[in-house]
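Below: the structure, in structure tokens.
Labels run A, B, C, D, E, F, G, H, I and J following the written order; every chain starts at residue 1.
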Amino acid sequence: MTSKPLATLDTSLIPRLPQSYVTLFEAKKNKKLSFEDIAKHVGREEVIIAAIFYGQAMASPEDIQKLSELLEIPQDVLESQLSGYPDRGRTMDMPPKEPLIYRLYEIVQNYGYAYKAVLNEKFGDGIMSAISFSTKVEKETDDKGDWAVITLRGKWLPYSRF
Amino acid sequence: MTSKPLATLDTSLIPRLPQSYVTLFEAKKNKKLSFEDIAKHVGREEVIIAAIFYGQAMASPEDIQKLSELLEIPQDVLESQLSGYPDRGRTMDMPPKEPLIYRLYEIVQNYGYAYKAVLNEKFGDGIMSAISFSTKVEKETDDKGDWAVITLRGKWLPYSRF
Amino acid sequence: MTSKPLATLDTSLIPRLPQSYVTLFEAKKNKKLSFEDIAKHVGREEVIIAAIFYGQAMASPEDIQKLSELLEIPQDVLESQLSGYPDRGRTMDMPPKEPLIYRLYEIVQNYGYAYKAVLNEKFGDGIMSAISFSTKVEKETDDKGDWAVITLRGKWLPYSRF
Amino acid sequence: MTSKPLATLDTSLIPRLPQSYVTLFEAKKNKKLSFEDIAKHVGREEVIIAAIFYGQAMASPEDIQKLSELLEIPQDVLESQLSGYPDRGRTMDMPPKEPLIYRLYEIVQNYGYAYKAVLNEKFGDGIMSAISFSTKVEKETDDKGDWAVITLRGKWLPYSRF
Amino acid sequence: MTSKPLATLDTSLIPRLPQSYVTLFEAKKNKKLSFEDIAKHVGREEVIIAAIFYGQAMASPEDIQKLSELLEIPQDVLESQLSGYPDRGRTMDMPPKEPLIYRLYEIVQNYGYAYKAVLNEKFGDGIMSAISFSTKVEKETDDKGDWAVITLRGKWLPYSRF
Amino acid sequence: MTSKPLATLDTSLIPRLPQSYVTLFEAKKNKKLSFEDIAKHVGREEVIIAAIFYGQAMASPEDIQKLSELLEIPQDVLESQLSGYPDRGRTMDMPPKEPLIYRLYEIVQNYGYAYKAVLNEKFGDGIMSAISFSTKVEKETDDKGDWAVITLRGKWLPYSRF
Amino acid sequence: MTSKPLATLDTSLIPRLPQSYVTLFEAKKNKKLSFEDIAKHVGREEVIIAAIFYGQAMASPEDIQKLSELLEIPQDVLESQLSGYPDRGRTMDMPPKEPLIYRLYEIVQNYGYAYKAVLNEKFGDGIMSAISFSTKVEKETDDKGDWAVITLRGKWLPYSRF
Amino acid sequence: MTSKPLATLDTSLIPRLPQSYVTLFEAKKNKKLSFEDIAKHVGREEVIIAAIFYGQAMASPEDIQKLSELLEIPQDVLESQLSGYPDRGRTMDMPPKEPLIYRLYEIVQNYGYAYKAVLNEKFGDGIMSAISFSTKVEKETDDKGDWAVITLRGKWLPYSRF
Amino acid sequence: MTSKPLATLDTSLIPRLPQSYVTLFEAKKNKKLSFEDIAKHVGREEVIIAAIFYGQAMASPEDIQKLSELLEIPQDVLESQLSGYPDRGRTMDMPPKEPLIYRLYEIVQNYGYAYKAVLNEKFGDGIMSAISFSTKVEKETDDKGDWAVITLRGKWLPYSRF
Amino acid sequence: MTSKPLATLDTSLIPRLPQSYVTLFEAKKNKKLSFEDIAKHVGREEVIIAAIFYGQAMASPEDIQKLSELLEIPQDVLESQLSGYPDRGRTMDMPPKEPLIYRLYEIVQNYGYAYKAVLNEKFGDGIMSAISFSTKVEKETDDKGDWAVITLRGKWLPYSRF
């Protein structure tokens, strides 16, 4: 658990999000829970829990049950609100204007061809899946300060021969 | 060294690249060297070596000397061609059309707000630097197949108070 | 084999294509071969053969050998030109202006959410892969005229749980 | 009938849809009906039923009557709401951000010229109609997993001579 | 008068239209009047009547009086609502996504330079006015089916010499 | 035949056009032929002849023969250059900047929904084809000056029921 | 004073305008005042008065007092609503779709470089200010009809030497 | 005649201009002629002369003869190069990046609706023509410095009634 | 303290801002406080105080306490509203339309490469941070008038070697 | 004079620059001169010298003479090449992709409204000129590292009253 302020929902994003997510963020704020706290309770990674809150990932029935317990939102309410398939990508305008997210975009812009060349030489012709995929965020600290480490791990999919 | 075909320069990219890079790619192809081979010789990461080839990173004088040796390009030619500061980002149109690079872009599009929320809760208000930054690509294999693992590691920069 | 005129390379596309493809199209034209003829000789689908000609798919060493035979282009020339990993997507501006290609784009625009809803209900949360994927074009004729039938077949990839 | 969760309407899409469609989705959710269930009752393809729900296709008087029966929405309400000509394409921003729909878009982006070349050689100068057109989605399963198969069938329209 | 269903206002267009137009469309729907019916009563072309309904053309005082009679909307209400100068073009996003309207756009995209060359040779250097302009839609039927005929008639304006 | 100056090829368009078209325009200029002259000789409409010159329409073998005669370009040269399927739409940036062409675009922008409403009421749900389509340009003169009349005639295609 | 209908506020523009402007337009409509009437009363140019109504220019305290008198809006209401610094440019999407405004835009598009060349030769290296600037609209009539004359007068600002 | 440096052709614009214009600018530079000098000789406005040099206006046979005399370019060369109808608008990217031209664009962006309202009240529903149009640039000097005055004068075109 | 009118919130920006900011601006207006007044009380720079009001910077607990005192907004209300991490960049459309902000954008557009070259020569390969960064605005007056001076001060970040 | 590598011209920018600038950069590289060296010799700021090299500022006759001396380029060559008025802004695509330049753009994006509010309160309604303007870059070093300081100083231009 962290002593930093908690992430809350920017209210200007609300029109882009299914209304149920407002409820999730409200409960998180009232309960003073970090995504790390919630992730531990649900048994999933912090990033995917945050993605569920932003309408970018699907909660399983078990996830809904655990979120219901922890956030004290009636389970049938949450079930009704979270059961649909997410319409991913709608919260974000590209290119991103938020400096933190832009830095990730810039990494793709600058190193995109380098990643492609290295991945092709290691794996052949194909892609790294963003679906059969997981990601996590870690914090490292050394004498120069804090470092954020983001790991992207995706299944390699070779192009089918046809 | 890999037995996959080597990455070569797509000739349609040439107008977007400083002309010297054509020479680098030609030499790499003729010498049948992978980026892994070159990275080992130069003592840097594969991704950054590929980034140098695509004009997205700067080669130090030592890098130039080692590239000159390995690729058998006269050192003064390489020095003259690679000594400038890169004009980063020009090779890539955004959104990327290449499926492999698009998948990375999609990760930013879909998980951008989730990364921001988790990073903010772990580190406070700031960004993960894309400059004071390193990245690497690894290959893992399990019974489900091959997995590409990309690690992004950047210094955390808090917003200055003023 | 068809008696329709053969597809040739629009010369205004040349700057967007690796130069080698000009050679392929020249040889095809001179030999008066349709993509169907070439596909039969190489043992692959017509669409993927055309995709190779437009720099959108990779030719295997066997493909290169068979193309070399049929088109009477020296094998080492073709090997040197076609061995790289394609930089896919660069030939096409989106939205497409060509009426034939626009119709396909329009199908995605109009039926995109309908496909998503039906696929989600049939398969759950995930995507149809465009990499682990094949496609073909067929012609049907009935008393109302000719019909083009395009089949898209992709592996279903469920989102990983993490 | 499928045991997967049912597709529901993402509430953030509502401002882009005629209000009546909210009612349709509500009724579908309450009745726990899949598009397959509805398609069987109405006697049309699943994709076109979903397209009607998303305001992308027109319901005939008979369709309205059958939807009214199955969904238990008064027929005159449905008639009043669904009788207009759809203003197609308004729900979708292009390029699509949703990963599932993007994959279809990517197929057009990468294989567009290949489809055109093959279709031209098979049919001559013209287009495959997206109006005099039908489409369906099927599921195949083999030892490698599940496969989605989308079929597009359109009338070939040759350019008029004038 | 036609037996086809009548055109109604897509409710998702409402935010782009002055609110008064909602009233017009409501009255048209309740009275079961086609644009042809209204055009006959008002004594103007169908297209311009529809354009008035979509806020793309200005109604004269006489038009308002006749619309008021036929649609049974109090004249002062209509006068107050329709008396302003239209802010043309706001209903339409370009490129148009609606397939019917896109076809018209495509004609401009494909034949634009051809129209220009032919008009220049017939009239000299100038333009065909879209203001000092009229248009109409007609239906023709032959053994091949129905044909829509759209006529555009604009004053030729030569560039002034200065 | 007209006494206005003839349309010639703007040389800045050349990079967007297959190179053969330069030859066509050169011959037209040297022969001092208007599109009307050429259209009469070939037996087709002026607009479509101009469209062929701009790479927006396909010439049949008979067209090529007649163009060869009239323009005194060797038939095999013309055959080799004009035999491919046009990659339509590439000459034009949208929105068009040329005032003459912009006026046509503006007509679609302003009257698009009006045309749709009137066509739907006359024909039902469908589109006017831009493929099974013809168009012509005429000149009318009255006491107010010259008028350009453009006629668009397209087959009505109803949406298929499926 | 003019006998033409008065300009009123297109209600679809309201979301782009500070709410106070709705009040201004309402009062203008009820009082049946033209911008010319208001300009005379306030002692400023018509264009700038209209610009104030559209939130594109700042009203001075004296302007507010005079507007309050003429439009019979309580002065403190108007003061509270109009005292901020305008956020200029938000009402207009560029390129403009409205035909009247597009014509002005087209003049910049077509004659922009010509204006620059002539201004540079007359004044040297610099710009014509759009801030230290005034503009007016006049009407001229001759035997050919009515002419609109727009005058733009801006201070010449030479680039500073540093 | 001015003592300011003369405007010359930015060589990076050359690919957007018909090649003949390079010749015109070369001759102007060698002869050290301002657009004012040329305008006086040809008997037209400076702006339109500059527009001819940038390929945005058509030169009449008399203009060509006078330009030929003054610039000492053989008349048949100039006739051959300038006789076509200009493809207007191609030199300029919008929004303009050049500060001088941007200021004109900004005037349209900020005052566009104000001009429309004032013009509508003065003239009714219609537009100010940009074709039946003239413009001039003048210099005024007072104790505050130099002022550029641009006058736009266009025929008022009322919308046709149909 | 200044005698100029105070900056207030343009109400059309409200949908882009978290709702709490409306309260801040209301209180500022009612208290008749300039940003300079508030900055002095809080002990931070004027620009960052304004940035907090526009949702572009984070207020620390101490800032919130001081804002609460000065603006007489209950501290718990302000804490609840301002405690989240800002979603920066959402208020601004790029390119900016507001003339004042556009001038800053234009400086980047015109001098961007010059800044880069000079910074690279002074510091090597890297960037000036916009996060580890401060900025201030000052007013200077001389006999030519008033001058605005904006200072940007950012930490130099060299690219990491990896 | 600095010991950092010198800035050179990225060859991929050449098509966007007047050709003469290639010569300038070549001479700078051969003479091993920094912009600081050149600025001292010419007696102007480093940034404006770099801007001249990138075609974004005009060199005076004296500047040309001094550049000619220092760079040993014949004066008449330089005069002929640099005498025109710059077509500013053409080298830069916006948003900038280069990370260093993007950071400046981001400052405008994030602090734009804050700058506007503070400047308005200090100066009233107007803009900071980017023409009657100077800028400089300085380096500061403290125990935390190096800091880049960019100063922007522009004349305040109040909106004219008219």
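Convention: a contact is a pair of C-beta atoms (placed from the backbone, for glycine too) under 8 Å apart; a residue touches a chain by one contact, two chains touch by 3 or more.
All values reported here derive from a predicted model rather than from experimental measurement.
Visitor: Shared touching chains for chain B and chain G?
Guide: Touching chain B as well as chain G, we find I, J.
Visitor: Is the number of contacting C-beta pairs greater for F-H or for H-I?
Guide: F-H
Visitor: Determine, using the mean of C-alpha atoms as each chain's centre, which chain is farthest from chain C.
Guide: Between chain C and every other chain, the largest centroid distance is to G.
Visitor: Counting in whole Å, what is the centre-to-centre distance of chain F and chain I, each centre being its mean C-alpha position?
Guide: 54
Visitor: How big is the gap, in whole Å, between where the Cα atoms of chain A centre and where those of chain I centre?
Guide: The mean C-alpha positions of chain A and chain I differ by 29 Å.
Visitor: Two or more other chains in contact with one residue: find those residues in chain I.
Guide: 5-7, 13, 15, 48, 85-86, 88-89, 92, 94-99, 106, 109-110, 116-117, 120, 126-127, 129-131, 133, 135
Visitor: Every touching chain pair, please?
Guide: The list of touching pairs comes to A-B, A-C, A-D, A-I, A-J, B-C, B-D, B-I, B-J, C-D, C-E, C-F, D-E, D-F, E-F, E-G, E-H, F-G, F-H, G-H, G-I, G-J, H-I, H-J, I-J.
Visitor: Which of the residues in chain I end up touching chain G in this complex?
Guide: My answer: residues 5-13, 15, 96-99.
Visitor: Spell out the residues on chain E that touch chain C in their complex, using ranges where they run on.
Guide: Result: residues 95, 97, 99, 102, 106, 109-110 of chain E touch chain C.
Visitor: Which stretch or stretches of chain E touch chain G in the complex?
Guide: Residues of chain E touching chain G: 15-20, 55, 83-90, 92, 94, 130-131.
Visitor: For the complex, which residues does chain J have touching chain I?
Guide: 2, 4-7, 13, 34-36, 46-48, 50-51, 53-54, 56, 88-89, 91-92, 94-96, 98-101, 103-124, 126-130, 133, 135, 137, 139-140, 144-156
Visitor: Chain A touches which residues of chain C in the complex?
Guide: Answer in residue numbers: 44-45, 48, 57-58, 60, 85-86, 116-117, 120, 125-127, 129, 131-136, 157-162.
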